[in-house]
């Protein structure tokens, strides 16, 4: 059994890079966010803007994130970002992101997100809710 | 009679700059957007997030913008952005932005925005509405 | 005779959008910048980071840009950006960008850029230089 | 004895926020980066772009970063970011960032950075170097 892994190939743009000629660190967190959206979209067979309505959630708010930078990514580099849910807990989960530059691991990232719904009694309250078994199954892969 | 002019002093950050060591052009449009919010906030005596409710509008959607780059702005440069409404039409207006680097004009920008409301008959429709005389008067200055 | 036109299909990301749920205006200027890089790369058969060295230039500094917003682009929208050089002058040129949302023109943008070199006598000086005929020919298309 | 702490007050801008109306996570890493630059500038009495030359370094490359999100920050919120070096090792150090919204801790961030120099024998090689005692002393505070 292996996790469902999404893969996104793209090119590092001029505007992603800083005066040192390498990707400015905040950009990786944009990449991770989009990596998570496309991971869920692919695993659930639902377009990103339709996920909330399809699963009755408010969204997948981020409560913790981080990255380790092993090697720089530069303007014009062809990169691949792989994303997978590395762990499910009752109502939250961890996403592991790995960014490869020409096949070498350059950045390791993680996100912890919550399966968030509006409280039935008080819609102004946002609270976590158990991740449905179907969602877990699809992200866990075949 | 002179337009009400807002002035915003700030420093060019590392993350604003590209591999040429100068501000990446999209950042200036972030500066202009915030320049317009702070211009209206100062002229109207209303905090940015309270403007829409205070004036019964949906917002000030941007329909046209542009910039001329006369001199670069670099990491660590102390800059000043001045913003003023250069022209009011019935339900839209132009904002003129000027960014100075050490007193020299470096970037000239403009925005055209609309005074936008929800249609009374069909709230799904957003349409322009006449800019209130009070708003014009405050932005035109004393 | 028709200009060489590059086409870039991508999806509007969550992080591109503002609290109104539409793409924040500065993001379009990131799209235009990358549109120009990929236009030149495709027309010249040279990867973006190799263009400067291949043609003996310092880069293609932007001196003027602008955009008209005709319709919003939203999270998850599949968009296409087309880019072409609409006019060449001796040592500068205009790039026309059009962003389509589901086939409808949503944003029109333009950039004016300079073919820039280091001065032979004083390398600290950056100046414009005539655009080579080969470059013009390739961007003008077959 | 207390660490030298820098404090930066600013306002959350429209362009910092996402369709949920809260700051998009990558923006916090921009704030942290600028927090570190201004921390070192204040502690060392040196403007950000002069730090590298003044101390004979290439820069302070980031090798690890992360954040915990405890409460949202919204458009128009007046926030304060505090930054301090929480630990020095021989040639690297940790910066602790805390972002407060109306006095309440909303985001905790950390960065691990390296005191980086060019190798004397081979300038193409970038390597870590011991943080000078003077720098440690200034960041540790009085």
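Remarks
Chains: A, B, C and D, in written order; residue numbering restarts at 1 for each.
The criterion applied here is as follows: a contact is a pair of C-beta atoms (placed from the backbone, for glycine too) under 8 Å apart; a residue touches a chain by one contact, two chains touch by 3 or more.
Bear in mind the structure is a predicted one, so any value in this text is a computation, not a measurement.
When you average the Cα atoms of each chain and compare centres, the chain farthest from subunit A turns out to be B.
Over half of the residue numbers at the interface between copies subunit B and subunit C are found on both sides, making the touching surfaces mostly the same. With centres taken as mean Cα positions, subunit B sits 34 Å from subunit A. Per-chain CA centroids place subunit B at a distance of 25 Å from subunit C.
Averaging C-alpha coordinates per chain places the centre of subunit A 29 Å away from that of subunit C.
Multi-chain contact residues of subunit D (touching two or more other chains): 14-15, 20, 24, 26, 30, 33, 75.
Considering their complex, residues 11, 13-15, 30, 33-34, 37, 47-50, 74-76 of subunit C touch subunit A.
Remark: subunit A residues 14-15, 17-21, 24, 26, 75 touch subunit B in the complex. Listing the residues of subunit B that touch subunit C in their complex gives 20, 24-27, 29-30, 33, 59, 61-69.
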